[in-house]
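Before anything else, here's the structure in question.
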């Protein structure tokens, strides 16, 4: 039996290639603009790690063909409650557990709502997003210390270092990769994303997987929330609010189809998140101003997706 | 066909990258200063930005690198990281989610840090005043914010207005600046509302501020012989919210609407032709001028665009190696207030000085006296304190 | 006699696959031409080019001597070539009338330039009358009709244009006996009027009965032609698969046989149109279910796998009760759906993924799925079923129908299913592969598996089953044993 | 088959808006507030009807065909920005400005559709990119200033109940005509549920998709203009700040789909929008805090969806109970 040809593998590598191009561009522009590129790498890690964590977990949800827009708000609520727990107990471990626990509860509500009542998950998460954002405001009101909830910076500073964050990310990715490739869960999830009817008729329990997926992704959210506090211990109503959209962009940037299915990859999330990190460094070095900057960012995003799409074009318009 | 598409897209990608690298390469070389902003679109923010990027940048050969519109402390930290990557020599901050973190981050990285709007709290100042890289803060303190609100309400009460509407902007989000302005307004009403006037039982500034923080909002009702007949807060921009605003303007017997900010943007359309007086805190832009001309806007307190000139001068001094410190070697903490226009003529006068990109309120000639080595703290403090319109006009002469 | 249509040197390829090479064919007035060949031999490609669905890479087509280059199906139909496609050709979300005049709504513009529904429905009624299907309401949403009625709409749509050439691509599988007769009648009337019909079918008996001439295609080439006088099953089959058929086509024996133990037991299944169905399948037994396509047998297949909504009834295998596909799978029950592309396979996924998904618990070693073991597992199925592919990472979407079905079989066989529910297992599969599947099913029988075949092909049921249940309106009408089955008797219970 | 009577259909179509109205009136009565207290209430109501109806049309045109569109808000913002700026420069009146807004928005829709059709990137991703791009355009076009027309009394004067009704009626009629009585509509509906068959039959999908994006854009142009005329200003937003408007259209879309079983679907959407407008009015009249608003709205959305997706089960249980009673 033959092997896959190089050509057939291109779509798998296109996004990684995109990341490499961005890194190259980063170094070139950095050199021209006389930037501190070494520090920039640190900045990229700092700024991408939370998105990478949340997105890596979210790959499970996206693989199933679902679409979760409430991830940012969930991260925000977890972080706020984590911070409040820390302020109440003074224990980082409690804070960590609360972050994860809250995310798990939210994920469980999300997925069981969707699977018990057969709701379209996207709309469910739209509703969840507005509830969670409103809840953040309510939490800040309860906390009663102005517009923020604060953890003492010096208490979390020891954790605010690259090795800690990277090891957390690597550990989580390893866990996800393990579940995704070495356990049946990943295969089954991909199958559901590819053809839910066939998956059901092959004896796969869709509801169970939906719940597992949201629990795994909840762990990512919890870790993301924890690192959000570690990175910037002053939280407000908009904390982590951009993560929801960033995750979608990262996953797509990383070469995974938004519709999920067999072409889903765990590493898409990291590749995408870091691509975004480098892109945002490049944009900041170019100093183009908010409007033009965003236009070019959008154009590059579409271009990368277009190239990564490879030869998957049909006579019919994609839906 | 497919190959063509692919080559085309690759080529496009390459060209894009190349152009991207070439265009800004020319600008490299000058001193870079990072600017943190949590608001990129209000007219005040835009006026500030124009003053820096279109006047100061040319006059002093500095390049300002602006952050995105920040929404949280994590964004501030990321932006400062980006400034460090770009080898910025200093950061000027208009964003206040976590000031202490900003100061510490800049200090650790060895770049100067200055606050351009608002001030530190007293405890914060005590903690950071000795930091080598903390330049200081010039801008309205919370007291000045409070006073601005107070003056606005007092202006109308003195004119005999008794029924008020209020727009609270960021009050439901616990934005300090807005809460202090609102508290100032309520305090004026309590003080001038006659015997026994109080706001929900609170009858002094401290209690009122506490009450607002506790509620996350403001309640309508009688304050002595005055009455707050309507209140809207937040920036929801949905149908219900616009409805509330329209409803407020249409409230029976309402005479004036005092706002903590963005009054014309959110209420202008409703106030037009209604006869209700509108007061706000904003900036001296042509759009506001038109609103004042047409009678929509009745009272405006505003920071003039060049009011951020002195903090630049201080930062520039620091970069040049001679930071301005007070007699005890501490960082700057200087107050600066608003200009208030209550009629069109006055507004135009202010605006003429303020909106020019070639001859702003603080020109290079003026700033040069302070953006130079060896400026004494006393001289500088005196210069900053002369912020009123008349004083500046004198200065310019 | 001048041909209506003549094709010279037609080529067509999809990427690396060559679908047609140097095809020459003429279609004459007054003939019903059968087109026969294995899957992927190019029948549908050829006719779809003639009907304007796709374009040829090279070659010339002349229609009444003039160049024939239709831009779309509607364009082809307008100019004399109409096609009834193999798959569903109606759109569920719009009305019957709109389906009849799909793409032609501008014909019904009123004075204001708007499309008049009334006028459209009036025309639609006329069109349905042409084919004696006036029981269908033109204003009805198409989704509310059954498969047969929908197929009739397609027939009406084409017939109302009085095409010079009518292409019928495996339409009859969706039709009941009555529907088929109606279609044959229409074809004959076209023939009498000096028009022509191109008829594609996998059913050799049918094609022999209907067509005057037969053209055999293989690997995109025209192999030979037969006329009614020299029809010969073996010769036709040989020319189709390019070699002589080895061994038996169906089972060789003619006596029913099975082992003692019952592997699947269903008790009083009710709901989703089923009426109190009870049945048992024993090890080593092939049980057939026959009936008209809407008799409920396909639902029964789903129901036995636990995936139909039932109000009543129990299912058990080897004494263990199950109620949903998950349990069924775990207990060794496998189900091959009639809708292969949409229900049995994940199209974008590779052969590897599609085969392995059924047997993850077998591949697992200490709970882990290792690529090496997985490869071995899949390779075993690929070899055992001789699935044609370059490598197992190939997505199944690009494979032929027969090969796809082998992948589905591989999924269940690898999983070690003891009970197999096969719904139309050879649907759209060509003779060569069909034969190997029959051999496979026979082999499984002797391995002691319990097999249920649901089929619309009578000969297949008679040829393979130990026992046959005939269904009508959701209930079992009659049981036949191997050796007693005869087509006429069976049909009597079906209708 | 028995044809359901017209009256029954009408009654069922009005069921949701009337129930919403009655419930809200009851709450209002309990609170001692009047729902429709004055002209401002009516204005708010009709403006919300216009906004929600048009936005929901714009969303559902593409969403029904499986094309998610995150760029609706950005299109409305950019078109209002361009139209507002031109209104200022050319001193044109409200109606002309409205037409400019519609034209610009339709053009933006075409650009969006064009990118989609050319690149064949999944529509949801294209829409994300375009949302960012349009936001960036609007920001760059005005230098972040947005538009302020508060002194243009003629344009602000557009905000009248009569105009809102006019706009809604025209939009609903045009959309009904376009989607139910033209070739474009016939093709659209065919593509909706039978993409492959329709394309093979010879319906031009690309043209139809471009048309859908243009129409959807044009509708958002009207929405943009209504909001511009309402406040006299258009604020800028970046980083997906504009996508929120899409979420407001989900509930009316689902309600519209339900009502659509009994009456023309587009009219159903309008009735859904009426229900939403009543709720918005109630929020304003009862002075509901915005966090409470978002929680209530989200709950309503989820509850309605639960009903919609379990209707069969709920109804059959209900019927069983009735049978037992009888």
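Lettered A, B, C and D in written order, each chain numbered from 1.
As a working rule, a residue touches a chain if its C-beta (ideal position, glycine included) is under 8 Å from a C-beta of that chain, and two chains touch if they have at least 3 such contacts.
All figures in this text were calculated on a predicted structure; none of them were measured in a lab.
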| Which chain pair is joined by more contacting C-beta pairs, A-D or A-C? | A-D
| So how far apart, in whole Å, are chain B and chain C when each is placed at the average of its C-alpha atoms? | 72
| field | chain C and chain D: spacing of chain centres that average the CA atoms, whole Å | value | 43
| query | At what distance in angstrom does the C-alpha mean of chain D lie from that of chain A? | reply | 30
| Which chain D residues touch at least two other chains? | 139, 143-144, 238-239, 290, 293
| field | Multi-partner residues of chain A (at least 2 other chains) | value | 137, 242, 289-290, 296, 299, 306, 313
| query | In chain C, what residues contact two or more other chains? | reply | none
| task | Any two chains that touch count here, so list every such pair. | result | A-B, A-C, A-D, B-D, C-D
| Residues of chain A that touch chain B when the two form their complex | 21, 25, 28-30, 32-37, 39-40, 42-43, 46-47, 50, 137, 140-141, 144, 146-148, 150, 153, 228, 231-242, 280-282, 284-290, 296, 299-300, 303, 306-307, 311, 313
| message | With touch defined as at the start, can you tell me which chain B residues reach chain D in the complex? | response | 40-41, 43, 46, 49, 68-69, 172, 217, 234, 236-244, 246-247, 249-250, 264-270, 272-273, 287, 290-291, 293-294, 296
| query | In their shared complex, at which residues does chain D touch chain C? | reply | 1, 177, 181-183, 185-187, 189-190, 192-194, 197-198, 200-203
| field | chain D to chain A touching residues, read off their complex | value | 65-67, 115-117, 119-126, 128-130, 132-133, 135-141, 143-144, 195-196, 199, 205-206, 209, 238-240, 243, 247, 250, 254, 290-295, 297-299, 301-302, 305-306, 309-310
| note | chain C residues touching chain D in their complex are 52-53, 71-75, 85, 88-94, 98, 102-103, 105-106, 113-117, 137, 143
